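Notes to accompany the following structure.
Chain lettering (A, B, C and D) follows the sequence in which the chains are written, and residue indices restart at 1 in each chain.
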Amino acid sequence: MTRLKLGMIGGGQGAFIGAVHRIASRIDDRYELIAGCLSSTEDKALASAKEIGIAPDRSYSDFTTMAKAEALREDGIEVVSIVTPNHMHAQPAIEFLKKGIHVICDKPMTATLDEAQELYNIVKNSEAHFFLTHNYSGYPVVREMRRLVKEGSIGKIRVVKGSYLQGWLAKKEEDNGLKQAEWRTDPSRSGVAGAVGDIGSHTMHLLEFVTNHKLESLAADLSIFVSGRRLDDDASILIRMNNNVRGSLWISQVAVGEENNFKISIYGEKGALHWAQENPNYATLSTHGELDKIITRGGPIHKDSSMANVRIPPGHPEGYLEGFAQIYTDVADVIQESDKATQLLDVLPNADDGLHIMKFINASVQSSNNNSEWVKIN
Amino acid sequence: MTRLKLGMIGGGQGAFIGAVHRIASRIDDRYELIAGCLSSTEDKALASAKEIGIAPDRSYSDFTTMAKAEALREDGIEVVSIVTPNHMHAQPAIEFLKKGIHVICDKPMTATLDEAQELYNIVKNSEAHFFLTHNYSGYPVVREMRRLVKEGSIGKIRVVKGSYLQGWLAKKEEDNGLKQAEWRTDPSRSGVAGAVGDIGSHTMHLLEFVTNHKLESLAADLSIFVSGRRLDDDASILIRMNNNVRGSLWISQVAVGEENNFKISIYGEKGALHWAQENPNYATLSTHGELDKIITRGGPIHKDSSMANVRIPPGHPEGYLEGFAQIYTDVADVIQESDKATQLLDVLPNADDGLHIMKFINASVQSSNNNSEWVKIN
Amino acid sequence: MTRLKLGMIGGGQGAFIGAVHRIASRIDDRYELIAGCLSSTEDKALASAKEIGIAPDRSYSDFTTMAKAEALREDGIEVVSIVTPNHMHAQPAIEFLKKGIHVICDKPMTATLDEAQELYNIVKNSEAHFFLTHNYSGYPVVREMRRLVKEGSIGKIRVVKGSYLQGWLAKKEEDNGLKQAEWRTDPSRSGVAGAVGDIGSHTMHLLEFVTNHKLESLAADLSIFVSGRRLDDDASILIRMNNNVRGSLWISQVAVGEENNFKISIYGEKGALHWAQENPNYATLSTHGELDKIITRGGPIHKDSSMANVRIPPGHPEGYLEGFAQIYTDVADVIQESDKATQLLDVLPNADDGLHIMKFINASVQSSNNNSEWVKIN
Amino acid sequence: MTRLKLGMIGGGQGAFIGAVHRIASRIDDRYELIAGCLSSTEDKALASAKEIGIAPDRSYSDFTTMAKAEALREDGIEVVSIVTPNHMHAQPAIEFLKKGIHVICDKPMTATLDEAQELYNIVKNSEAHFFLTHNYSGYPVVREMRRLVKEGSIGKIRVVKGSYLQGWLAKKEEDNGLKQAEWRTDPSRSGVAGAVGDIGSHTMHLLEFVTNHKLESLAADLSIFVSGRRLDDDASILIRMNNNVRGSLWISQVAVGEENNFKISIYGEKGALHWAQENPNYATLSTHGELDKIITRGGPIHKDSSMANVRIPPGHPEGYLEGFAQIYTDVADVIQESDKATQLLDVLPNADDGLHIMKFINASVQSSNNNSEWVKIN
């Protein structure tokens, strides 16, 4: 299949989520990133573009210009990724949708509800697609949970619990020059909510995704614990979903010691399902009167493999690929004689290791063939 | 930095590790795969090449021809990945090394010790690099463990324990048409050892990698539990390393229920380190007289970040990238109207989700501002 | 130290918590159970008394009579345990307190707030002690957490989270003859609340115990999921404690698959503490900018051992004693020729095992002394 | 049932396992400890006896005298517990067996194989029972595993793995006045082996207990890591059991950071079972082609409840009883005005807590009845 031509808005030097989007687009080799408005400052946009291999004539510092230009080119982009802070989602999305270019947009949709409504209306009248990277719905085990709920494995749902706890904003990092903290705690860029918008949005989406139920009403207690901060950094929220489902959410960015502790539990009349993001290749299925069962990515339960790419076998957690990539990237650094080359030569498995391990294998066989006698290597 | 021109030997349709190598080469965007000898059957090689975007004139069915041809081209490959079964490692590696092309080779180095020695000699006399994908040494947490050992955090090492347990060969899968099982249990393709060569090799390498000690002697008990199998499917091995380190290994491919349960423990005079591949973003550091500590990928302890790409923040386990990739790939399927498009539209987060979640965020703020009163969505 | 003379109200045949109280009173050998009003039916009281070794003349079927009689005896009880359903706590407690007899009472204090207030006033004017078995505050690791909080290890507390999830009332067990379910779901015996009174009471108490903060206000959403049930079987509760601490509680007895999943987390400005009842010998201490630490029962951190009986070394989880007790009790059954004697002889370690294991030990030494040669047993 | 009259050899002041045996004998109230030879020094024996409530005329300093005297008394002991170091097991056991008194003996059976054989012969010719406290075979979940193996749940067994790792002898504690270390590292009291005798014995016994297979041969590598120590403190052992079962053991008392990390895994043709002593209320059952299942103490799988006392419901881990006991013991300290009384009054749940928690319960109901409005406590 040919690769889709991809553009990107945001994600210049110093950004976090832009790089994640780019890696994600490469893993299955379905996209080719060829254009970008990586910054609104022309020089920075150009430097950032160069760094990631975008040609200078496809680097823009203004997304409106980019949308126009790309729409006119024969080899113009087919899809655009929007990876800017929340307040910069709606306008670029609208510009590209109007040109018939598909949009992949970081979550939450926008900074304000009004913008969201405006964008929503445009999406509904557009031929082009619009998708949000609620990325946790892309995990194979999460999709399997959704299937199990649909199939009735846990019966009618009664109670849902979602907690998303981080500790990285326990101090006033927005005053310490941390870019990620700055815009997230700034109402003009983040919107009306802080933690609730940033990670509460993931929590609510995932509970709805897995249960196929929709939020109907809520009662919330948002707190600001860090003095001088302007948006919530902690929240407890009671929720009610359709079909008489009840539940609650714990959201915090001041939970010291928590890295990205995102967990969901779904309790039905017959069973329950549990998933935790920090060990995402596993879920637990409880069924009334039976032993708890462990669901693994790619393990025996999966019936609907078309729904999720299980790129590597069960037990090789996702992360295996990054370990492999590390070796490849280190090798590239050595070949291209980067500054780290010497240091990397010290850790990269080479012919010495290969020969040595062959001796280990041979000695194992020899020892076992001789009543487990001790065999010397070398 | 420009991408390295990459070729591949093996990894045609139906192979497993070839695809892993390709993804790994793309994650950090340092390679461009442009040539391959993906199969020794011409048609199959061509079909496989087409599928992954290699031009027909860069598809070969004979690695000797490929080495010659690529060495002559101005735009010839700079590196080649060898991802064939063990008995097909040595010869292609030698061919490419002779042409000055760098080699990345799957482990173990070869099928026989003689081949390993021959290849080793050629590597030592070659300008080109030769590396093995002992991929577990690429995990950030594993590299951190190595650093801690070097720094003396656990004192002089006394005991090492390695266990690598899988269950996928508990039945005679080599008779059920499972290609992965066929060559691994065939002495002519795998070499003198089965489980010991396949996964024992990883275990021994990683213990040496983390400890900086070398195996000196061993006493082994290799077993064949599946009737009719020709190579070991289980092994217990006593080991002695230099500097009076002792230990043992548990290796099995008939350990029913185990997916890829690879664990190492290193005990020194002052402390100990533990790592388990199935939850690879964490390790444990014990120090005499202190509380056990949890090391996380990218967490507070890491000092030597140059040694490992921490692409995403702590708490976002490696695997986060694959979740993200899933969304991107699904979007590509929708845009390119694949057969799964309808099904995928059901799971992809779209503008409805976006608007709905914005309402959730707004309602949270509104409720909290009104003494946690219940607020309806819609 | 001489043993305290103990009486018991409730806990006759078919009861659960009475037996737990009795075992608890024996473990450290500080009590002697010599009198009881185990049932209000005379025959049942007598039969129950006989079964547990209480003399017939110290068996009562009326707690008022018992209080009078015991207070008059020279060898009368000094303490009474009240282990009846909630609505039968206040009156017996009052009777015994009036006679100067100390009271150990199961939680919650009473069925209604009015009773609690009445009992409270009497306690305050009594020379005798009154204690509640909020048993989770008796765990060594929990008491250690309290000490750490007091010492400022996690700084000023911001957020607390408590969840207590059980699944045993997911179906209408009160209609299936389950005595434990009957009274707990009956407002006349349990009081105004179901799950909130039964297990929410533990949750709230423990959060206060560990933090030394007091609940100030709450907003609750109680649900009845099982049709026809009269008291809450699930609750989400937002809480605010003094000193601006916020938090929330998840309480459920319809959480299918959960056995007794009781967890607390305390987040402060500098750190956090976590404990889970299902693995109660461990807690986690997070401190800003440091690696997470694992607290174990009796491990290095404990400074104030006077506060908790660490009867067995770290790593021998509480439960070790019950394993040991099993052997002792089985031996008693064999000696006293119970019906199970034959069956038990099959599992009890005996001289054959003893001799065999001695051979194992000797063979290990012999093999190791002979270069790890294989040694036959027998 | 009447209590058995129990005596004890060893277990005086400063001992560890004696107190464990005493608690174990009390938990189910089946024994009454009335005589003892707690030390071979008369004064120490008497002081120790007094401390635990044994009458002075039933305190002995010589086990031969004790055996004679008790055998002659009408109210003499029926059972004796031997809790001395290994070299003092055989002789007292023989004396009591000869008098027809049942023996419960700590493991391993004796210090030397010769003594074991002698004792064995006497047991075989005695009417009295002889049992060893291989206490890990008393855990409900372990007995359930044995039943599952017998029933064929995991098929014919192939491989067993046992590891028992402790770190408390990582330094030369026998020179630091630690009594437990002194005798265990002294060949004259411990026997020919150190770690292998002390904890290897448990490991081997439990593997045999669960599998119903017997050790046939072994090849061992015992090490002494602590300079100057006379007995092994670490061992790796290859084992072969009847019916072609193979496996290996890891035994260590120098594994820094390990408390009492005792684990067993049993792999059969169809499935596998795993248990870890540090979380002993759970086991894992893997079956080929199915999801892994979690076995809990008292959970759905248990069919043969006669084999194990499940004193408390699933999810209340063994240890719950000790938490409860803590409250009871603290109350006794308060009532008997021990030195700790004031301190304990600070932690014991009292009427203030009771009333406060009643207010919490009432407020929860009131808030929920009023649309989750915030309700003040007090």
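The working rule: a residue touches a chain if its C-beta (ideal position, glycine included) is under 8 Å from a C-beta of that chain, and two chains touch if they have at least 3 such contacts.
Please read these numbers as outputs of a predicted model, since none were measured by experiment.
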Quick note, more Cb pairs in contact for B-C or A-C? It is A-C
Relative to subunit C, the most remote chain by C-alpha centroid is chain B
Whole-angstrom distance, CA centroid of subunit B to CA centroid of subunit C, is 48
Taking each chain's mean CA coordinate, subunit C and subunit D are separated, in whole Å, by 21
When centres are defined as mean Cα positions, the distance from subunit A to subunit C in whole Å is 43
Touching at least 2 other chains, the residues of subunit D are 219, 221, 238, 258, 292, 296, 299, 372-374
Subunit B partner, complex, touching residues on subunit C are 219, 238, 285, 289-296, 299-301, 372
So, in the complex, the side of subunit B touching subunit D is made of residues 154, 158-159, 161, 163, 167, 170-171, 219, 221, 223, 225, 234, 236, 238, 246-248, 250, 252, 254-258, 265, 267-272, 284, 286-288, 292, 371-374
